[in-house]
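Questions regarding the structure given below will be posed in turn.
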Amino acid sequence: MTLRFGLLGAGRIGKVHARAVSGHPDAKLVAVADALAPAAEAIAGQYGCEVRSIETILAAKDIDAVVICTPTDTHADLIEAFTNAGKAVFCEKPIDLSLDRVKACLNVVRANKGTLMVGFNRRFDPHFAAVRAEIDKGAIGKVEMITITSRDPGAPPLDYIRRSGGIFRDMTIHDFDMARFLLGEEVSEVSAMAAVLVDKAIGEAGDSDSVQVMLKTATGKMAVISNSRRATYGYDQRIEVHGSNGLVSAENLRPVSIEIASSLGYTRPPLHDFFMTRYTDAYAAEIAAFIKAVNTKTPAHPSGEDGLLALALAEAALRSVKEGRTVKMTEFA
Amino acid sequence: MTLRFGLLGAGRIGKVHARAVSGHPDAKLVAVADALAPAAEAIAGQYGCEVRSIETILAAKDIDAVVICTPTDTHADLIEAFTNAGKAVFCEKPIDLSLDRVKACLNVVRANKGTLMVGFNRRFDPHFAAVRAEIDKGAIGKVEMITITSRDPGAPPLDYIRRSGGIFRDMTIHDFDMARFLLGEEVSEVSAMAAVLVDKAIGEAGDSDSVQVMLKTATGKMAVISNSRRATYGYDQRIEVHGSNGLVSAENLRPVSIEIASSLGYTRPPLHDFFMTRYTDAYAAEIAAFIKAVNTKTPAHPSGEDGLLALALAEAALRSVKEGRTVKMTEFA
Amino acid sequence: MTLRFGLLGAGRIGKVHARAVSGHPDAKLVAVADALAPAAEAIAGQYGCEVRSIETILAAKDIDAVVICTPTDTHADLIEAFTNAGKAVFCEKPIDLSLDRVKACLNVVRANKGTLMVGFNRRFDPHFAAVRAEIDKGAIGKVEMITITSRDPGAPPLDYIRRSGGIFRDMTIHDFDMARFLLGEEVSEVSAMAAVLVDKAIGEAGDSDSVQVMLKTATGKMAVISNSRRATYGYDQRIEVHGSNGLVSAENLRPVSIEIASSLGYTRPPLHDFFMTRYTDAYAAEIAAFIKAVNTKTPAHPSGEDGLLALALAEAALRSVKEGRTVKMTEFA
Amino acid sequence: MTLRFGLLGAGRIGKVHARAVSGHPDAKLVAVADALAPAAEAIAGQYGCEVRSIETILAAKDIDAVVICTPTDTHADLIEAFTNAGKAVFCEKPIDLSLDRVKACLNVVRANKGTLMVGFNRRFDPHFAAVRAEIDKGAIGKVEMITITSRDPGAPPLDYIRRSGGIFRDMTIHDFDMARFLLGEEVSEVSAMAAVLVDKAIGEAGDSDSVQVMLKTATGKMAVISNSRRATYGYDQRIEVHGSNGLVSAENLRPVSIEIASSLGYTRPPLHDFFMTRYTDAYAAEIAAFIKAVNTKTPAHPSGEDGLLALALAEAALRSVKEGRTVKMTEFA
């Protein structure tokens, strides 16, 4: 069965998903919508699909599923509208910046028995997925302590920062999801520290650019996350999971595998400098997982609940920083 | 300009090139030919092209270029026929197993002022290409000594071995081309040693399965090549270039970047176990280079002469083993 | 000038220091004391020094300096007695498990204008020292975020655990000192999480075996520490310092530099399994630093104050766990 | 039993062995001889031994063994004299630059039933020894192909070059011994190439500075050696052994284990730049092996025959270069 897609939003990430959908043997990109006509037309031209309005796509009989890549503040409304219309929904993270709005939205999805998958693409990175597979195989025994290092090559524009909901909701949220994915248990306690070390303007905009977070589950499993908005050496994305029988880790990907030795030492080139280059394979794999889930009528993961729980962890981290205390997740129940 | 392709041969490597041509924005796969109809039809079905005979493709006005993936003993004839017909030719290595036949074929190409590119795909591997780029940038000063390690995961079927022209012409030929590519000078002397260590049947078929070769240029630059038909740890493909100011090397690619530590030590998974997986990017890049050369009317590299010279090195290695001496390339002028 | 040493305590760590003192060209081991005569005699026999009582060493005119390796609860009294006697003191960490006792002891040292150096050996590890040297050279710009991973091969005996003062005072204290050493600023805030994941008996003894700690300075520099009492893969000792211009890290030392590749993958042997093997060079270097400080009449580092401040961080971590909050170091002023 | 040593030659390598002997619990350095009195006195002062003439040491009853570190052209005479005198002999490589002289010398040793060990220190490097141990354990199955990379940080003075017997006898000889040590079979065929790439003056002195050699045993096992007199990145010493079930390799040792990441990439410091720093542990271990062999009256390895066979390989390599052919070792029987 070929799943017929509408793409909502033709920006940077929309293009990534357009390519993933078009390249999948069981999917077809039927229509694209964007407030900016040229953006939509570019995708339509490249992949041979129609430009339509969101309303038209919502009403269309030749659309089975949508990929939502519009601005964050439209996500929840679109998820509700499209699950109401019986269409499967893949939505970029986050569902909304408000925990209450997300809860309300998920109630609608649940009432509709709709399919909702949230774009935590890193779960589909082959390397991180291999880490999880080793845990599942028992290679390291019981998971005990996780270290997630996640640093961006450079800070986004201030305008983006201001609309982002803050570093915990915008950047760390991926690491919260990864921690949940690898811990295999729900987090019960959160403690966080935040600072402005990269750019004062980020602080003046009310946000932080450097944060570290500790998580703990009810049985005592723990994780630490270290984030910075700027790493001169590239997009630093590493995971280590220490368990009762060993350690499994995923190293950074390198654009080229060369090394140059000289009197200055042995030098390997910097890391990827862009998340789309680093996670190319992950984006394709997550859309493939969505298509498979819809076609086989099995639950799609990461689910709306996964999106909710990662956002709650972001809220908890923010509260921990503000109140100088370890926050219990029961406060967000 | 869209370059219109015919694909001759729909086997394993034919499929690789069909994907590369079809995925290129400036190319179109128009027709495919194969003695086995189902193979041709499979490609035609997947990429939406026609099944035609080689003769029809030769005469077709809607074909600008061909990719030759037929058995080796047909290569030279097809190259001649298609350059006679004014079509650009990309041919899998080798052009022929006979040095004289290759020379004759190249004379025809030259007379036709035809475009001929030979499929030494490794030059287009991003990692090996980066090695060459560093040399060209002067990162290691003057090239002095090269070490090429090239081992297959496992020996091919005996039937293949028998038709292969022997390990030097079939396997080492890639390393000969790589050595020439990196030395930046023509090889003047060759010494080789060969043994049967992997499988006695290979020896009984008149071939070797483990060889090492030394090369030297007129100015004294040197290279060593180490080949085995079997490496339990995967497809081992490494290059080191030592120069007057340093060393540049390309490590093996790893399917996943994970490492597992336990009481047994720190373990990374084995290498790729198949040349097509290892060189996926290289195959796409070499077709892109061919398309670009044809479209911009610039010389295509590696050229027919590159194919000839690599084959001559294979002949020299064979002669060195047989006669127990260092062979001068002037013997093959 | 040859510095004449008395060694107080002839146990495991006493032997390490006996070797370091004896092997130093500017030092001489004159006497050793231990409650267990055979232990003292073993060292006396090996290094050609006398067995004496602590009292005799205290009164001796041929002793310039002592190395205190006795049980922790004797450290502060001995430091006071020997600085009162005008002898330079090198004392194994910690000075005492009670912050107040340490403060009182340091007052005595100060009043005596005595020399006191505390055995935070890791500062003298050539690899960690190289990390600090790179920071001092400006290689990574301003220090921003530090990650310290420190895991023991296996938990010590329960009897040791019970007398240890708990994991923060016994194990993490080394990492607290390292964090201070690398941050270059005093820590102002501490948050910690602790769990019993390795051995329930450790929990029943009132201690934890797995902890993670976050530190922050007044200017926002941060550090995370991850500790476990058990790592199947060996003694895991790593440091990463992320700065405004880059990252400097120290990898684990490997007993042998070999790697074995097979169909199971690429395996390097496990890490050192004992702190004395891992830090052999560091122990020799710290005694050398002590000798040099005494001989050149320059301040010895790490000082008694360094010992005090690391202990205060351990107290703060414990309080953070107990009270579920971020603890300010001003509480310990 | 304490083995009482005389040291013949107090130069650079003599100092290394003086330290090794003095630091060994079962050995005592009794006397040192050198044509230059200050050199001998320096060692005597440092280790508390006497300065004597070689003749006095030869006649002394309080000397059980000697370490010969005098110029190469005295080695064979001294070995004969000291084994005649019933003393165990450790001699730095080579025994002599002339194969005939070595054979004659070994006949004397044999007639005396003397103990002679030759200083191929690399066999005792813990990392290379671990490679051999893995082979012996069967970790890689049957040995098939060896790659030895051995490059000096910089060329020695021309004066040294002129007296060295040439690069094969002076430098490659270590790699010939290592190849024999790892192949586990005698080499039957040698082919070599040599060039002057580093310094023309070396060529004018009749020597080469860059060589590569291939070896082969009767059963087809093979090795390649790549040597350069100059590597800007340090003392490059690596070994790879490919076998029927896998590969075992020894990486270069690194003075410090740090890595610095920046916008320029990930850089590790250069290698050791001096053979004595690189092989510190090996020098101590080889003297320990000698002491143990003498004390337990077991054969010492590497033996005089090992010295002879490595020199024969050097001769064969030289002949291969001169005559442009693969040389059979039967020519040197």
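General observations
Letters are used for the chains, namely A, B, C and D, taken in the order the chains are written, and counting of residues starts over at 1 for each.
Methods note: a contact is a pair of C-beta atoms (placed from the backbone, for glycine too) under 8 Å apart; a residue touches a chain by one contact, two chains touch by 3 or more.
Here the structure is a predicted model, which means the values were calculated and not measured.
Farthest chain from chain A, judged by C-alpha centroids: D. Between B-C and B-D, more contacting C-beta pairs join the chains of B-D. Work out the mean CA point of chain B and of chain D, and you get 41 Å between them.
Look at where the CA atoms of chain B average out and do the same for chain C: the two points lie 58 Å apart. Counting partner chains per residue, chain B shows two or more touched chains at residues 231-233, 245-247, 261-263, 269.
Put simply, chain A touches chain C in their complex at residues 142, 144-145, 147, 149, 151, 189, 191, 193, 195-198, 210, 212, 214, 216, 220-222, 224, 226, 228, 230-233, 236, 240, 242, 244-247, 320, 324-326.
Of all the residues in chain A, the ones that touch chain D in their complex are 231-233, 261-270.
Note for the complex: chain A touches chain B at residues 126-127, 130-131, 134, 139-140, 245-253, 255-263, 269.
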